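Here it is, the structure in full.
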Amino acid sequence: MIKVGIVGGTGYTGVELLRLLLAHPRVDIALITSRAEAGRPVADLFPSLRGRIELSFSDPDDEALAACDVVFFATPHNVAMRSVPALLAAGARVIDLSADFRIRDAGLWEQWYGEPHLCPELLGEAVYGLPERHRETIRDARLLACPGCYPTAVQLGFMPLLEEGLIDTQTLIANAVSGVSGAGRQAKIDNLLSEVSDSFKAYGVSGHRHLPEIEQGLSAMAAQPVSLTFVPHLAPMIRGIHATLYGALNAAGRAADLQALYEDAYAHEPFVDVLPAGQYPQTRSVRGANTCQLALSVPQNRETVVVTVVEDNLVKGAAGQAIQCMNLMFGEDESAGIALPGLLP
Amino acid sequence: MIKVGIVGGTGYTGVELLRLLLAHPRVDIALITSRAEAGRPVADLFPSLRGRIELSFSDPDDEALAACDVVFFATPHNVAMRSVPALLAAGARVIDLSADFRIRDAGLWEQWYGEPHLCPELLGEAVYGLPERHRETIRDARLLACPGCYPTAVQLGFMPLLEEGLIDTQTLIANAVSGVSGAGRQAKIDNLLSEVSDSFKAYGVSGHRHLPEIEQGLSAMAAQPVSLTFVPHLAPMIRGIHATLYGALNAAGRAADLQALYEDAYAHEPFVDVLPAGQYPQTRSVRGANTCQLALSVPQNRETVVVTVVEDNLVKGAAGQAIQCMNLMFGEDESAGIALPGLLP
Amino acid sequence: MIKVGIVGGTGYTGVELLRLLLAHPRVDIALITSRAEAGRPVADLFPSLRGRIELSFSDPDDEALAACDVVFFATPHNVAMRSVPALLAAGARVIDLSADFRIRDAGLWEQWYGEPHLCPELLGEAVYGLPERHRETIRDARLLACPGCYPTAVQLGFMPLLEEGLIDTQTLIANAVSGVSGAGRQAKIDNLLSEVSDSFKAYGVSGHRHLPEIEQGLSAMAAQPVSLTFVPHLAPMIRGIHATLYGALNAAGRAADLQALYEDAYAHEPFVDVLPAGQYPQTRSVRGANTCQLALSVPQNRETVVVTVVEDNLVKGAAGQAIQCMNLMFGEDESAGIALPGLLP
Amino acid sequence: MIKVGIVGGTGYTGVELLRLLLAHPRVDIALITSRAEAGRPVADLFPSLRGRIELSFSDPDDEALAACDVVFFATPHNVAMRSVPALLAAGARVIDLSADFRIRDAGLWEQWYGEPHLCPELLGEAVYGLPERHRETIRDARLLACPGCYPTAVQLGFMPLLEEGLIDTQTLIANAVSGVSGAGRQAKIDNLLSEVSDSFKAYGVSGHRHLPEIEQGLSAMAAQPVSLTFVPHLAPMIRGIHATLYGALNAAGRAADLQALYEDAYAHEPFVDVLPAGQYPQTRSVRGANTCQLALSVPQNRETVVVTVVEDNLVKGAAGQAIQCMNLMFGEDESAGIALPGLLP
C-alpha cells in the first residue's frame, strides 16, 4: 500500500483527492492536515464522506508527513515550497498541486507571483506532471509539479499541432471557460451564487498566472518561443473547463489530415479522447472523470483550426491527474482509482 | 458473473444503471435495448461512457433477454408488465424500476394509471424493493418492484416513527422537492432550462401517482391505514430529492428520544445515514451516491416532528437501489458497485 | 418630488431599492450611504446602473438624512434603531427594511436577536408594512417596519383562512423556500455557487428569526395565539420565495368555498393575484415584480388545505413592498414605480 | 399611439416584446397571433403578464394586421416573407425579428437557409436595424430587418476597429457564448435543464447561420470583404450573450489609443456603454436591459486586441432593439419603453 499524506485538505482539490484516493485499491491515507480545522473530523466538514473516512484534520506535522511515501500539497501557492526540501531530504516524494514548482525560471515565477521563490534549486529537478508529454520522467520523479487546470486543457489541445509544426506559433489564442469551483472554497462575494449564477464574464484578461505556465509548455512542444493570447472566463457551473483554441494553419497544416493526426497522437492515451469528426465535447461528459475530450474543426475550410477541449478542473485538471502521476511514480496501473466514468446527467 | 439485460436504456435511469453496473465487479452487461436508438452505440448517445462500453442499443429481443440472469426495466409504466410473465417463465429474474408492480391492489393501480393491469396475478408475488424494510424477502424475489424516488425518501423518513406508533397517522405531511432529472429525458417545454432554471414551483398538488404507493407502504409500517398530504415540488437542479416530513407527535412520541430511535433503527443499514442532532442534510452530499441522509428535529420543542431526508433520485431513488436489490437477490455483497461516495462539490 | 435617503445601499435590498426608485416618477434620491464604500460611485459597484445614477456612496450623515422626506434603512438588524429616534425628531419619516421594529414585544425581540432593543418606546408607534392588512394605518405612519420576506408570503397565504376562522390555529405549517439572494451580499463560503448550486437543503429548522414575526402577525389575524411550524429551505436560484402552507380545516373550513374566499379577499389588491383553481404559481412568474401569486388546493378532498405562495424576496419581500408603503405614506398612486411585470424567462 | 400587431407571440422573443411594449407610453397592442394557441389568453400562457394584458392569442388575420401601424414578426425564419409584401402594400410597416430580410444576397440566403427566398425584390429595400450604424435610414424604413443576437454583439464590438482600419480583416475571431433562451421555446431534449445545466459546450462550429450576416455587416464596416472565424457556445444560463473578439492589430492599431477610440465612437449612443479600462462586462449587468456593455484590452501589450461584449439576447439582441428601431421609425424618443436598468442580482 502507498502511504499518503495530504497537506491542505479543506479545499475543493482536497476533497476531490479524498474521493478518488478512497476508491484507489492500493492507497492508505495516513493523515490530512489543516491548521484551521485541526481536530475536526473530515466527514464533518464534507458530509459526502460520512462513513467513508474516520480521519480528522490534523495540524501540520513534519514528522508524520515525512513518514509517508508521498505527500500531496493541495494548498495555495507559496506553501509547498516551505516544506518540500525537508520532506525530500527525509525520503518522501512530493506531488504539489499548487503553482510552486510549475515554472522552471525562478525569475519568471517571482514576476507573476510577486515573491521570491524559496527553493529555486529544486526547480530543475521538479517534473511537470502532464503524463501525455512527460510520462517517462514522471515515473522517477521525487518532486512532481501538477499542471494547472487551464494549462492541462490548453496544452493537450495544442500539443499535436505544435509538435508537428502545423500552426503559426506567434498568434495562438486560447479562449477558456471555467466553472466556479476553480476559484476555490474561499469566502468571496464575487463567487456567491447570487453574483455568478445566470451570468458569464471574462476575467484576468490583462494577465492570468496560468499564462507563463502555458507558454512554457507550448514553447517546449513547438521547440521555439510561442506567443499566446489567453482569455479565461467564468461560467455559472460548478465544475468543468472548456477551452476553445484557435491556430493559424501554415501550409503544412492546411495539407494535413488533422483528425487522423490527433487520433494517432492520443491513440494510446487512457485519458485523452478524440471525438469523431463533427462531434463537439461538453463539460458534463467528463464531470467527475479523469478524461479530457477534444475535437477538431476547420470552419468553412479556411485557415484557422479550432480545437475544443473539455476536462473536469478538479479531476484531470487537478486531483485526478495528480493520482495518475502517483500511479506512474509508484509503478501502479496508471488508471488505478481514476478509471470510472463521470456523472451524467 | 451476473448476466444482465436492460430494457429501455436511453433515459436517465438507464444511463445511471450503466454507470453503476460498469463499476460492479460481478456484472456482465449482455444487452441493452431501445426501439428508437437500435443500432446506435451506447457511447454515442452518452459520451460520458466512451471507452467504457462497446455495446450498441438493440431492438427488444425476448430470447436474448430471457437468457439473462436478471433483466432491468428502465421504462415508463405499462411496458414491463407486457414482458415480465414470459421472462419469469423462461427463468430470468426481473427488476422493474417502473411503477408496474409497486401497487399491490390492481384496482388502485388502474385508478391512478388509467389502464387495466395486464398481469394482476403477479402483484402478490412481486417484492417491493426497499431493503431497509424487506431485505429478507428481496433475497428470494423473482420479480422485484423498485420503489419510486419520492416513495423511497418518504418511507425511510417516516418508518421508525410509524413502526413505533409515535405520530398521528391521519395528518401526515410530506413536502417533497425533486431535481429536474426526475422528469426524465423527454422533449418537453416545461423542463427546458429556460423554463425551470432560477425558479421553483409545486406541481401535482391535487394528486401525484406516487401517493398511493407511499400510503400503501406507510400503512403497512403503521399497521393501519394512514392519510398523507403529499406535495411534490420542482427545484432548479439536475439531481436530488429533499423531503421535509411533518408528523404530529402523540404522547408516546413526545416522551421518546427520537434521535436515539433513528440512530438505532438505521445503525446497521449501509445506505441510511442519520445525521447528528443539529445537522441537516443537503442533496449535494449524496449526489451520485446510494446514500439516504436524514435528520430529526422538533422545532421549539412543540408537538410536531420534522424529518428532513435527502437522496439522489437516480441512485437510491432508482438505479442504485435496484442494484442494491440485485446484490441481495444474487448473494453478492449488498454494497457491491454502489459503495463510492458522491461528487462534492 | 419625494426626497429619499438610503442607509446601507451596498446589499441586494439596496440595489433593488435603487432600481425601483429610479423608475419612480415622483422620487428624487438625495443620498445613499455606506461606510465601507464611501466615495465610490454607485454605478461602479453595480454596473447595471451605469448611466442611470450619478451618486456616489457617502458616509452616514445624520444631517443630510434628516433633511430627507423619508429615509430607507436597508441594513442588518441593530442599525436602524440607533438613528431612528433622531430622524423622527427631525421630522423625517422612516421606512426600515430590517427587523428592528417588526416585533412589538421588546422582550421577544431581545430573545431572538440577542441584544436589548434600544428604543422600545417606538415599538408601539411603528406600523407593520403589510398593506393588505394595515393599509390605512400605513398612510399615517412616521415609522414603518417592512415585513420580512418569508413573513410576507406566509401571512398573505394564511390571512383569509385565519381571519375567517377556517383552520386549526395550533397546527399551522409553513414549508418555505428561498433563493440565495435572501442570504444577502456577504462573503460566506456557505453561499458560494460551488456550495449551493445544484443542491437543496433545509436550514434554521430549530428556530428562524422570522418565526416570532410570523406568529405575531398570524395571531392577530386569528384573534388568538397561533402555533406555527416554520421550516425554511434554500434553493439553488437567485431570487424567489415559495411557501407551501398546510392547515387543518375545521368544519366551517370544509364547508367553505375556499377559492371564492381568496378571490374575494384579494379582489381589490393590486399586488396579490389568486390563480384560477388548478394552476400553481412559480417564482419565475414574479421575478422582479411586486406581485404575490398564490393558489389553493385541498388534495384528495381530505381535510388539509394547501396554499402555495410565491413572491420575489427582493421586491414584494423587501424593496417593492417598501415602496408600496412609501406610496401610501405620501399619497401617491400605490403602484407608482412598481407596476411593471417581471422578467420571464 | 402606435398601433402594434405581433405575429408569433408564444416564444421568448414574443413575451419579451410584450413586456417591453407594455411599458411603452405610446404603444397600443392591437393583436397578437399564434396558430397553436389561438383563443388562449396571453396571460394564461405567460402568468407573469396576469393583470397586465387582456388580449388572447388570435389566428393570423391579414386584415387586422394590415390595419396596424407596425407589425412585428417574432417567428422562425421563412414565415415573415410570406406576409410582408401584402402588409407593405396595405400601408403597414414591418419589423422582422427573424432572419428573412437580414441578408441582402438572395443566393447567400438560400445557401444558408436551404430554401429559395420568396421576395428577393424586397431585400434591397429592407433596412438593417442596427441603430448605431444605420440610424438615419432606419427612421424612414418600411421594412426593418432586426439583427440576430450574436450579430449585434459581434458587430458593435468590432465596429470602431474596422471602420478605422486598425486590425487585419482576414483573421477575425468571434468566440461567442449564449444563454439557453437563445435556442427558443421549443420542446427539444438538448435544451432540458438536465442536459445543459452545469455544462458548457461549443456548437455549430462548422457553420452557424449568423456567420454570413455578421460577415456582411463587418465587410461593410471595413469597406472590404472580411473573414471571420465564429464559434458559438452554450452556457448554463437563461439570458445573455458574451462575445470575446480577437483582432490582429496592424501598425495603425498598435499606435492608436483604442480606449479613447471606443469611448468617442459610442459617446452619444444611448445603449452602448464602454467600460473604463481594466473593467470587464458581465452578462448579468444587462439582464433585461437594452444596453450593450463592452471593454477593450491588449493583453501583455502584444499585437492582439481583445474586445469583450455583453448584451441580453432577448433585449438588445432582439425585442429591445426592435423597439429602439420602432421608436426611430415613428419619431419617438429612441429610449421610450426601453430605458430601465436590468435586474441585478
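Going by the order they are written in, the chains are A, B, C and D; count residues from 1 in each one.
One rule holds for everything that comes next: a contact is a pair of C-beta atoms (placed from the backbone, for glycine too) under 8 Å apart; a residue touches a chain by one contact, two chains touch by 3 or more.
These figures come from a predicted structure and were not determined experimentally.
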| item | value |
| --- | --- |
| Farthest chain relative to chain D (centres taken as mean CA coordinates) | B |
| C-D against B-C, pair bridged by the larger set of C-beta contacts | B-C |
| CA centroid of chain B to CA centroid of chain D, Å | 46 |
| Between chain C and chain B, distance of the C-alpha-averaged centres to the nearest whole Å | 39 |
| Approximate Å spacing (C-alpha centroids) for the pair chain C, chain D | 37 |
| In chain A, residues with contacts to at least two other chains | 12, 179, 181, 185, 194-195, 197-198, 236-239, 281-282, 284, 287, 345 |
| Chain C-facing residues of chain A, complex | 12, 179-181, 183, 185-189, 191-198, 236-238 |
| Interface residues, chain C side, partner chain B - complex | 171, 173, 175, 177, 179, 194-195, 197-203, 205-207, 211, 227, 229-231, 233, 235-240, 242, 244, 246, 248, 278, 280-284, 287, 295, 297, 299-300, 302, 304, 306, 308, 310, 345 |
| Of chain B, residues touching chain A in the complex | 12, 15, 19, 22-23, 46-52, 181, 185, 197-198, 238-239, 273, 275, 279, 281-282, 284-289, 291, 293, 340-345 |
